[in-house]
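Multiple structures follow.
You will see chain A twice below: alongside chain B first, and alongside chain C after that.
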Partner chain A sequence: MLVYTIKRFFEMIIVFFLFLIISYLLFNAIPGNAFSSLLLNPLLPPETYQRTIETFGLDKPLFERIQLYIINFFKGDFGYSYIYYPRTPIELIAERLPRTLMLFSIVNVIAFYTGFLVGKILAWRRGSKSETWITIGSVFSYTVFYPWFALMMLWFFGYKMGWFPLGKFLVPEKWYDSPYSSDEIFYTLILFTTVTSVFLFLIFIFTRNIESLQSRRNSRFVGLIILFIISAIYWSNGEASLQRFYAADIAYHMILPTFTVTLVAFAGTALLTRTTMMEVLKDDYILTARAKGLSQKRIRDRHAARTALLPVVTSFIFTIITIIDGSVLTESIFSWPGMGQLILEAVTREDIPLAMASFSFIGILALIAHFIADISYAFLDPRIRVKVEN
Partner chain B sequence: MSKILLEVKNLSMHYDTLEGNVEAVKNVSFNVNSGESFGLVGESGCGKTSVAMTLLQLQPENSIITEGSIKLDGKELVGLSENDLRKVRWDSISIVFQGAMNAWNPVIKIGEQIREAMREHYPQNSKQENINKINELFRMVGLDESISERFPHELSGGMKQRAVIALALSCDPKIIIADEPTTALDVVIQDQILNEIKKVQNLLGLSLIYISHDIAVIAEMTDKIAVMYAGSIVEMGPTKNVFTSPKHSYTRALLDSTPSIKGEKKKLRSLDGEPPSLIDKIDGCSFAPRCPDREISCNPTEHMSLIEIEPDHYVDVCSQGKI
Partner chain C sequence: MENNNQDRDIKATLKKNWILFKQSKLGMTGLGIVIFFGFLAVLQPILFLTNVWDEGVYHPVVGYDAEKVARTIVECPDQYPTKDYQTREDCPKVDEVNIRYLKAFNIDGDVGDIYESNVQPAPPSRKHILGTDSLGRDIFSQIMEGCQVAFVLGLISAIIGVGISTLLGTAAAFYGGALDTYLMRQSDLVLMLPSLPFLFIISAFAELQVWHLAVVLGTLGGLGGSVITIKSQALQVKVKPFVDSARITGGTRRRIMFSHILPNVAPLALLYMVFSVTGAIASESVLSFLGLLNIDMSWGIMIYLAQTEGFIFTGLKYWWLILPAGLSVTLLAGGFYLVGRGLDDVFNPRLRRR
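Entry: the complex of A and B
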């Protein structure tokens, strides 16, 4: 397993270098050049202009420029953003990336979980009326033209019903006299969500070995309640009780985009789970499980769904990447100030350093997602684990 | 006299398919006493497995039991709710399936798959108790204890089949159904598995229903056999009697088609024709079109029913002209 991980890691690094080079070449192929956009930018003082030319070797041949670019990449030096002048691309990304990651990790987790849940119930209830209608609904949300759908959601829930804000990250009026910056609050939110998910995960891991099913369920329930109480205590004491108001504002703005993207993203997982699970249900070991006198729920979840999970995980990883790409659309429509908007801005206004830095980070994210997928796949399927070990 | 453990009476079942009703089991009755081994023999598609599945009430969804009763230890199984059936399955009656290769879930460890059944039927057991029991069962069927921690794909076919037997024994059933447990195995392993089953059966005093198309295996394994043809039992009796003096032409044909190692060399006989399609309703003797002894006075239009011709030896009424 360790050898496999290391091997995959090195493969990832090679792919990453290729990615860097190809993306550089693509930027290089854009008509017009960096000079012209530099010259036209009145914000840049002459020293910066000179420094940019030197660090990126803009007066040197292509091959040297690529070398310089890779070296600078590992130094974390992307020069200056043209449009946000005194700020560097790294600073901008450090501000924007967490917002995108937060939004889309939540979407991904919910989309995968609900998609898998709905898929397995659909397969289990094959032939029933509810199955037909939910399948039709899933096909609709899987195939719908996403920008239109997002706008419709915004129009209906934001404008017509007025339940949710019309995009944006926060309501500026509320923050005028705020002692905290929005980033501070947002990092607290991220930290809180991460810690909570880790605890949830730990509860499941530790209760796995309880033999009796009844007490396993009970102890999980108790764990959830404790987690809930602890987080309630956290938000009602000390500094967090002051931050609560602002955190709630951000969270409120997250609901509609999360809901919309989840609706679109879950359908693919649900439909694929339904298909694979229907295949699995024909297998002999399902019959064995029934003969053993196991409960229907246990056969469905432990035997059928567990095996059906494998192809679903694979396809889901690819979905993650399209969702990251899709962040451009989502963030523009919901005016969510994340990576997607940053990229769009950088590209449309020819801010090449910023665009290159953003693309590189998205590339890294995609590679990491693939890496995690490979590892978790080996973890989920013992047959692959063995192949991997030999 | 040992008491009757499993009593199947007038069991009829058909599959509802697009082409029509497939009459897979027709008016089947038999008893299995406790500690006895009972064989069910017949060619492929004669309804043996359908009978086995019906005993556990695990028949596919499109099957309909039209009449009959299955009493296990005095308890009626036909029409029992799914929840009540769950308590009976594995606890009183367990099964060793035809394809042991696919009987294991590929992503769960063997030990966990056995423990899962034990958890269901003995919720009060601690994990260690269950593990001890599994180890004991593994020793009984000749497997190493470390197998519990293995995944199914790490085991050979024979090992999987032994583990399936251990699985079948895990909840102390009163009766085990072995549905062609050795079909996919080579002859050497087949012999070992058969011995294992017999050993365990004697050791624990279990009843066994052994289902096979291989009459030689049945002869070795069972005290009593029933020969099935086209969904009905055509002859039933103590194994010894049936083998030494078969009364039904089909039983004779089955015996004649098996080579014997001892004795004179003779040409193996085979039957002409094919088993009838079970979709068409068959009036009277279903074997009549293929019967080699048809010219002898029998009544092919008469309905199949069994008559006792010797103590405990039953034969289809249609062949009575021959006796």
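Entry: the complex of A and C
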């Protein structure tokens, strides 16, 4: 097991090395560079361009640049962004990443939960009329042309009904005399959401083993009400009562993107759950559970859904990696200033240090997730574990 | 003689599978949708060749038709809402024209008169079933052109992708060792690249035509995640008894791989192929929607035009610019997905009803 892990770790480093080189070559292959526009400005003397290029080291040969970049990368120096000059890529990512993570982690959790519920019901009601209609609905939202759908949602709820703002992440007018920066408020929001979700999760975990359905539902309800009261107390006291107004502004801007992406994202989980659950329902132990005379609901929720959850959770882990990649479209349609927009800007304006830093950030995230998935497979599934040990 | 028997066997299997496929209602619906769009894609060249459609009028890219529409001249009020109009956007209605607009172009007319003008985008009429776009081009013809693009792109990229991933996945499972390690790390590398920004970069230094995009998408899909799935399927086949008996009777490794393992991986590969068509159609539409492709006309470009020309927020007033293209992408992708679902029922006995 240890040998396998170490071997895998070294492979990972080599893959990452190759990834850095390939990305650099790709960015270099784009014609022109970030400063080409200086040449077009008639007010600047011609040597400005040359001098800028020399300052940023872009006149050096390609091989030397890659070498320098990789050496500096492993020293922890990512250079300066070209388009936001005095700022470093790390600062920029630290500013943008929470916005993306906040939006998409909420979306993913809701989508995963509803998707799992819908998929469970789909598999259980196989052959009924409601199954057909729900399936058609989920297939529609799974294959819908996403930018078109998002624009339609924006048009309907933002423009026609006027319920939600048309993109952006705050209303600037409200923030003129704000004592807080938007990032401070955002961190408060993130902290609040995280703590609330942890409590929510704990409530579900603790009430899970209550046998009677009635009392389980009641205790969950009481837990939710307590959580609600505590959060109401939090927002009406101390510093939070001053931040409340601004936090509400950001939260209001988040509703429509969250809703839209959830509508599109839940279908994948639902369809996957349906398939795995239907395979599980053919297993013998379900027949045994039926023969024992357990209630339908119990068989569905405790026996079948629990087993069907495993592959779904795996796919959920892999969706988390694609969050940043998938955020590019959403963020440009809803003008949400997050990671996706940053990458888009870096790529289209050829800001190599920024683009490299964000690409390698995504790459590291993906590598770690694959690594964890591999290791946990080997750990959880005895068949693979035995093979590795031999 | 033996060949004949094999033929009959294949025919019997196909027939059995077809009967199974027919049982899945959604699969049949999907097949119907795909055939409908395939019919549209083939219909357009036929209409041009038989001169039912004049290329000058109906060509999806360079065609032009000045649609004459009689409109009532009205004067838009300054205050809203009034009896006829709720908001400023409602005036003039589709069949009306504002008198101030006419005066700005020095055209005479009084309120209540009929003014005949060329309109682009023109609403659906008998001549143009789905109306015309803002340059006077027939939307229905554009939809048909988009079908051709979607089919060519989807099928080519799916075939390339599945070809690559089936070969590599089976080889990784069968030979194992260094080859397996290399192929798995290679697919890690491909999965690490964020796909949309990667395609942006590609489109920045290469003029992407449909063919190129199909090859790029196919290769990316083929080297990425599907290798891992196909490999795990092939691993399951590899330990089956018939592979062992083939080895004992002296089959070469290549023969075992190509005539024993590959045919058993093929159903899953076919399934993957159908599902990846969905992905390819969506990717093409997204890239054209962002204006990054060098394609004359496609569904994505139709929506891109509707958005850049500002029609998307007019909502249902110009529905023929927005709805047909978006729904076509969704329907065709959904059709392929449903076909895949039907095939899944056929190949995976545990999903069947009985």
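Following the convention adopted for this analysis, the second predicted complex is superposed on the first by the 269 of 390 C-alpha atoms of A that agree within 3 Å, B and C clash if a C-alpha of one lies under 4 Å from a C-alpha of the other, contacts with A are read in each partner's own complex, and residues count from 1 in each chain.
By definition in this document, a contact is a pair of C-beta atoms (placed from the backbone, for glycine too) under 8 Å apart; a residue touches a chain by one contact, two chains touch by 3 or more.
Because the structure is predicted, anything quoted here is derived from the model rather than measured.
Asker: Is A:Asp284 in contact with chain B, with chain C, with both, or with neither (first, second, both, neither)?
Answerer: first
Asker: Look at A:Phe73 in the shared chain and tell me whether it touches chain B only, chain C only, both, or neither; answer first, second, both or neither.
Answerer: After superposition on chain A, A:Phe73 lies in contact with neither partner.
Asker: After the superposition on A, what does A:Phe19 contact: first (chain B), second (chain C), both or neither?
Answerer: Only chain C is touched by A:Phe19; chain B is not.
Asker: Examine A:Leu294 and indicate which partner it touches, taking first as chain B and second as chain C; both and neither are also allowed.
Answerer: First partner only, chain B.
Asker: Tell me which of chain B and chain C touches more residues of chain A.
Answerer: With both complexes superposed on chain A, more residues of chain A are touched by C.
Asker: Where does A:Trp235 make contact in the superposed view: on chain B (first), on chain C (second), on both, or on neither?
Answerer: Neither partner.
Asker: May I ask you to decide whether A:Leu213 touches chain B, chain C, both, or neither, giving the answer as first, second, both or neither?
Answerer: first
Asker: With the two structures laid over each other on chain A, which partner does A:Tyr85 touch: chain B (first), chain C (second), both, or neither?
Answerer: It touches nothing on chain B or chain C.
Asker: Do any residues of chain A touch both chain B and chain C, and if so, which are they?
Answerer: Touching chain B and chain C on chain A: no residues.
Asker: Which positions of chain B touch chain A when the two form their complex?
Answerer: That would be residues 56, 58, 82, 85-91, 94-95, 97, 99, 102-108, 115-117, 119-121, 123, 125-127, 130, 151, 153-154, 167 of chain B.
Asker: Quick one: in the complex, what on chain C touches chain A?
Answerer: Residue list for chain C touching chain A: 25-26, 181, 185, 188-189, 191-198, 200-201, 204-205, 278, 282, 285-286, 289, 299-300, 303, 307, 312-313, 315, 322, 325-326, 329-330, 333-334, 337-338, 341, 344, 348, 350-351, 353.
Asker: Under the stated contact criterion, what part of chain A meets chain B in this complex?
Answerer: 209, 211-214, 283-285, 287-296, 298, 302-303, 306-307, 310, 380-383, 386
Asker: Of all residues in chain A, which touch chain C in the complex?
Answerer: Contacts found on chain A: 11-12, 14-15, 18-19, 22-23, 26-27, 29-31, 126-127, 132, 135-136, 139-140, 142-149, 151-152, 155-156, 159-160, 275, 278-279, 282, 324-326, 328-329, 343-344, 347-348, 355, 359, 362-363, 366-367, 370.
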